[in-house]
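Across the two complexes that follow, chain A remains constant while its partner is chain B and subsequently chain C.
Moving on to the complex of A and B:
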């Protein structure tokens, strides 16, 4: 079998142009999911009545549903449902005009909330109550203590897990092709379909994901070093 | 100045404090002694609400409150008048020595940043760490960390400083440097409540000694009397176990 190198180079260029879509899917999802995930983590840490129960139930359920199934369910049900509701409410907006990337955002966000809240919960727990008490004892309130003391430390602890979450999400967003979102994978598939150059296209897709994920990992490693300055110092015993 | 009466505290049905009364006058150094599990630390933590007592009354200058009906504002008011030195230092690990001290001034007491830095430097100099402003806690020894803990406490100029076993987590050779600073504070007339197992230090520094066991005050009085002529058998037993023989009369 011979590879069509000219096609590979051309497609590789196309795929590079699709990188922003994949990154956008990842970044928007993480940004949307973070505040909700944080609240769920707090609910569990402080055993808030009802909210803590809801949080653990939500996390178990979300972890139990395959991503593909979530996409199939939401993507096939939600538009029709919204369309029906809009009609009932007399809203003239045609839901089928909506960019399908929004369904991708919604589905990925719901699933990442569950993943991130567990990451946040363990990271916040790792800092320990002593520093909260110290903050309270010098008159600071809890919110300030969280912002200035706890979260900066928890973030550093969480970075390796967050790197994992991000890389996994980048790969999962490839499922967005099911919703006609033109990300890296979708672009590769479309390019391949014209002349049945699937092997070449998939090799390209493979390369592009490797490059993107490696860069993300390097970025995380640099930020861990930078944000974790306070603990990367030689320990003096005593 | 500070007076708590009838403090009760339960942890899961285990009664840790059974009606404690404690009075601290200005300039007093009150030392609380007693075996582990006697409720000393819990009492200290109830004073500034790191632990919430179930029942009891607290008077602190113009503040008067009951523990079962206390408001958030009253808690804040008491905390502004007190500072706490922890057994495990509890420094803010992501902040430098200087920031550890300014943090409470700026974000707890609303002191302007530049002014806070000035106050903080003075407090840090006082504990002998003027060459460590920009170090992180992870770069300090235990003794140095606890000295930062003390600097953080004195910087907010509290009316009472609460010390919870300030040397218990330290290696023996580092205890001295921390005790020296507390002695210095006593000499300056700072009002302090100290829970400690350092008996000689307690005897030397205290203006008032309290011996606690199983959630009640067994005996209290001036240190000379409590150490040399304890009235209660329980106090005598405790002291004979923890003091070297030459201290017992």
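Moving on to the complex of A and C:
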């Protein structure tokens, strides 16, 4: 197939410059979603009245609605709603000046809360109850037990799933082009339509995503090895 | 700001609902072709030689890193160009559904091959040996002993991949397929962008219903098949 290689090389360079945007979208979303996801997970583990019900309803709704639809829904509603509210409240700020990446953060965070809470729930459940009892027996309070005993161990168990979640999120952020965020896909799309070099541009985008996802997976594998050291030592001594 | 009119939602719901058949048609075709290709890849990973195994693993790895939208665009723009230059044959006139089915088959094959491989490996190899030792042919042993047990293990993951496929399939509107979301967008553009919220809520309700249906039926099926799975363990104790 006849491909414009010179264009491909040039676009590849442009796409590399867009990697930080994709990574920023991913990282900020994960950071924003984590505390809420943790609370939802706790609500379900301890079967907190109402909160547990809300958590499972929230998770199944988020699991059932396609990401594109969530984006279309929020992106068609939120800016004008905020504009209306700001006008009512007499705030002079023009909401349409706001960087659209904020809408992307909000939408991805809402769906990631549901995904992460399931990961946290199963990871926290994987640490034996005996550990909590042991902690209580030496006089720790629950918060210390969580911070010092439970979470560090659960985090290591959760790392493979977190890797999966992160890779899926990186792929999902490719939809941010719908909100005019200049990530990898959006940059490729613009380059493609410039000279109708669609195939070349999307091949580049395809390659860049493989590189990014590979690097993320390698990073997770290294941290798993590093943080999971205690497992091996305990196996040897035990 | 235009007022929100929830009373319009049922009307839009009725308008988009018939297009469920398009979404379902695409989903079912992808499950069919994707399972065939996925089975082939899983087989390559389990019992292929070194070259086939690394090809199969490489395929899964690469597809796992590819956003659906990127593959969709690549297939949509790349395939006609490839056919035109390689065989001098114009496939631009083909239905959009064909491109959607091809892209998602490629993606679904990768995830379903992993589901199948894990399920196959979860069945103890001794089961197969025992079946062959009492005189079943290898094919019968696979068909009657290993696969039924593997199917039960695969069920929850299968349900998950189908759910994901159905959701990702909504991206098809970006290349102009008129499915649930495609029709929703058409309705909105016919009204010059009006009622967007109501239409999207209606479309969302259809998807939500579909998702609940899939989740429920997988759970039911699992419960139906589970007693068979636990019976020998009960006998042992």
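Assume the second predicted complex is superposed on the first by the 231 of 238 C-alpha atoms of A that agree within 3 Å, B and C clash if a C-alpha of one lies under 4 Å from a C-alpha of the other, contacts with A are read in each partner's own complex, and residues count from 1 in each chain.
To be clear about the criterion, a contact is a pair of C-beta atoms (placed from the backbone, for glycine too) under 8 Å apart; a residue touches a chain by one contact, two chains touch by 3 or more.
Because the structure is a prediction, the values reported are computed rather than measured.
Once the two complexes are overlaid on the shared chain, A:138 sits against chain B while remaining clear of chain C.
Of the two partner chains, chain B is the only one that A:148 touches; chain C does not reach it. Look at A:22: by the touch rule set out above, it reaches neither chain B nor chain C. Looking at the shared chain after the overlay, A:213 reaches chain C, while chain B stays out of its contact range. In the superposition on chain A, A:231 makes contact with chain B only, not with chain C. Of the two partner chains, chain C is the only one touched by A:174; chain B is not. Greater residue coverage of chain A by touch, when chain B is weighed against chain C, goes to C.
Touch criterion not met for A:187: it reaches neither chain B nor chain C. Touching chain A in their complex are the following residues of chain B: 48-50, 76, 79-80, 82-84, 86, 88, 90-95, 103-105, 107-109, 136-144, 149, 152-153, 156, 170-171, 174. Those residues of chain A whose C-beta lies close enough to touch chain B in the complex are 127, 130-131, 133-141, 144, 148-149, 152-153, 156, 229-231, 233-238. Of all residues in chain C, only 1-2, 62, 64-71, 73-74, 77-78, 81-82, 85-86, 163, 166-171, 173-174, 181, 185, 196-197, 200-201, 203-204, 207-208, 210-212, 215 touch chain A in the complex they form.
Those residues of chain A that touch chain C in the complex are listed here as 1-2, 60-61, 63-69, 72-73, 76-77, 80-81, 83-84, 167, 170-172, 174-175, 185, 188-189, 192, 198-199, 202-203, 205-206, 209-210, 212-214.
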